[in-house]
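In the two complexes below, subunit A is the common chain; its partner is subunit B in one and subunit C in the other.
So, the complex of A and B:
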């Protein structure tokens, strides 16, 4: 129970920091918006756009997430904030879960803001219902946030971290991109073969594995930090 | 050499010897005895013999013809890639649990050898795929997860190369190695759900006897060579770590 409270406190602190400087999260959003525009230029015709809408949303979010995850630990490097955090009476586990939760929430927020843009720009067929769509978004963002936070913690103190983060993170989240874009596309097109459940189950499995293991791995990193 | 059981016993004996030697090395004994050189020489002999048998003695593959002979490189390297990365994960857990530096050296060397094996696997695989499937690459679960696995272990090596502090480097390499192994497993399942083309694994029952023997000979040859490479590389890593941690030379006193 204390772990939950402490994690929520860390998450609150991170979200408050973002709230007080909204330009950062706006930057991530417009980065993703620019990507959505650019992806469209790579397509030979506009008919294809509606087919790839779901996948593009997740690919854009993945690329944008490297920006926001990078910031999540870079902020702590200013004025020795990380040392201060390590001195808190909070176990590293709570720090990891708090930060990962905050990152997941921010990613969900960006996704929800981007969805109308995808609908307008890519005009996908929309046969799905909103609650299932929200479920896919939440699961996908949680799945990106857990390994992303761990990798951000790994790469932030290394030289050339901005190149290292995507290199370490992208192979880890291949299953998320596959499952989330498949689920989104199938759900939007109307899930005739009812395959969406399989993909969502995969996302749940990925979340369970990573949220359990990454916390433990983070405590090992924090001890040597 | 025609009896598979004899081959198996022979190989198992070699593996047991190598394991005993490895255990003695972990415990600090036999420091000056370069046992791996003998394992390496033995492996080199076996790989020459195994490849000769694969190219000239083995029967033509019924469906694929002469192209099928690439099997004797492709399949052993696939087995060894899996085996080496499994050991990498075990070493990484061992390091995180015990904090013994020898496990960090083992993680480093096994990742390097594993990545080489994985690249060999994918190069032979795509050469194999062109005449049999008609393309160099397809989005098959096994292909995708192998590529993803290679990428993530290369990422770990790069992470390792940019960290200077030895303690931090050791912990973070192990963390990265465990993450990479996990990602490979989940990637495999996720892409299998997506689509599949690669044949299911063959078992000795579905492969003709002479082919089984030659495959096993090559697999043991690759195994011995990998043990040699990993042990040799581990020695280098240990020596490097000792050099890093050696106290600086005393300043020269002007006469």
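So, the complex of A and C:
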């Protein structure tokens, strides 16, 4: 059985679990929605709201992602399923890629569901095209998912893991939040200076580095005997 | 099987051969120089009080824990060095059910089959353990006995040659015990090598000709199961 097939099987299992218990992903969505709403209330004028729409979307998503990432490994710990996977055996790389892919898909889903609400709440100027916007969302969510999955695996067995996860994850994903926020804002405004491609290239490079390196690191920590 | 740890270098068969196995947690040794062997297709009953090291022994043999001293071999292969290969052949039915609470019984078996690239008749497996009528109910709504049966079905999915049973009869009603006993009998007839740890030694002795008693991480007695039975579990 190939690594790809096993990774897809792990992702299928994670997505099926979320489908069977939609309250978890709904919780992430409403948490993020509440943040967006509070940010909107805190802004003094509507022009400022429009300017920060892209950045606020990614900041909200970053904060909400810690909840979904934390939950994804807590489910594996409930009945020792993580150990069950190691002994089945599911290769650690397939575990990592499967879980990271499922996390990326769920984050993408939440982002797409939140986008219309951001448009209604923040009234951003929308001069960009939809495919490029979807590309930025996909790259940003993939870039949050890879280091997030690694950090969630590291922190899940620690006491107070939900507090530890953001502490470990946020410094790692600062470049993602900056690049995705800039790309989204510039794209929505029309990208007169053609800078979006550069920010997207940064996201691609971040993804390549983290999807390779974090997979390798995960295999090192998956089995300590 | 009757052999001492020191004599294990001479044991030649493709079953389970454990020599001088020791394992510690921090500074405390919980298994100390454990040695025994189980020829292919045979079964060994392991008894002992709570905390005597039975579960740790089974987890070492399942390659869930690293062996800190000594060795364990199965099919002629060192279990830790060749764990990637042996994990396809070894299964552990442990206290942890390894089940997903939000999935139904069939969905659980389905995801484990997909993750292992296994093709089995899942409905037949569910019927074998008496869970064919559970439908879409999530495992979260199952009783402890039903979870135990489903965990057994998950183990059977893998078709292992070495099966490690850690208290397989716990939390089961008489019908559940009969189901597990039936599965154990089938596995023996199929030629699987079995290690069975249980407090129900009177049931366990029906499936294992040999038995051993553990205390404080060491083997304190080894011999035929009927001796264990005749002594009321304390030979």
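Here is the rule we use: the second predicted complex is superposed on the first by the 223 of 225 C-alpha atoms of A that agree within 3 Å, B and C clash if a C-alpha of one lies under 4 Å from a C-alpha of the other, contacts with A are read in each partner's own complex, and residues count from 1 in each chain.
Just so it is clear, a contact is a pair of C-beta atoms (placed from the backbone, for glycine too) under 8 Å apart; a residue touches a chain by one contact, two chains touch by 3 or more.
Not measured: the values here are computed from a predicted model.
The superposed arrangement places subunit B and subunit C next to each other on subunit A without a clash. Contacts of A:17 after superposition on the shared chain: subunit C is touched, whereas subunit B is not. When the two structures are aligned on the shared chain, A:78 is found in touch with subunit C, with no touch to subunit B. By the touch criterion defined above, A:168 reaches subunit B but does not reach subunit C.
Contact with subunit C, but none with subunit B, is seen for A:5 once the two complexes are overlaid on the shared chain.
When the two complexes are overlaid on their common chain A, residue A:129 makes contact with neither subunit B nor subunit C. Taking the C-alpha centre of subunit A as the apex, the lines running to the C-alpha centres of subunit B and subunit C meet at 90 degrees, rounded to a multiple of 10.
By the touch criterion defined above, A:213 reaches subunit B but does not reach subunit C.
Using the contact criterion defined above for the overlaid structures, shared-chain residue A:86 touches subunit C, although it does not reach subunit B. Of the two partner chains placed by the overlay, only subunit B lies in contact with A:155; subunit C stays clear of it. Counting the residues of subunit A that each partner touches, subunit B and subunit C differ, and the larger count belongs to B.
After the two structures are overlaid on chain A, the closest C-alpha atoms of subunit B and subunit C sit 5 Å apart.
Residues common to the contacts of subunit A with subunit B and with subunit C across the two structures: 224-225. Contact residues on subunit C toward subunit A in their complex (touch as defined above): 62-66, 80, 83-84, 87-88, 90-92, 94, 96-103, 107, 111-112, 114-117, 138, 158.
Of all residues in subunit B, only 96, 144, 148-149, 151-152, 155-156, 158-159, 162-163, 167-168, 171-172, 174-176, 178-180, 182-183, 186-187, 189-191, 193-194 touch subunit A in the complex they form.
On the side of subunit A, the complex with subunit B involves touching residues 147, 150-151, 154-155, 157-160, 164, 167-168, 170-172, 174-175, 178-179, 182, 198-199, 202, 205-206, 209-210, 213-214, 217, 220-221, 223-225. Across the complex, subunit A meets subunit C through its residues 1, 5-6, 9-10, 12-13, 16-17, 20-21, 75, 78-81, 83-90, 94, 224-225.
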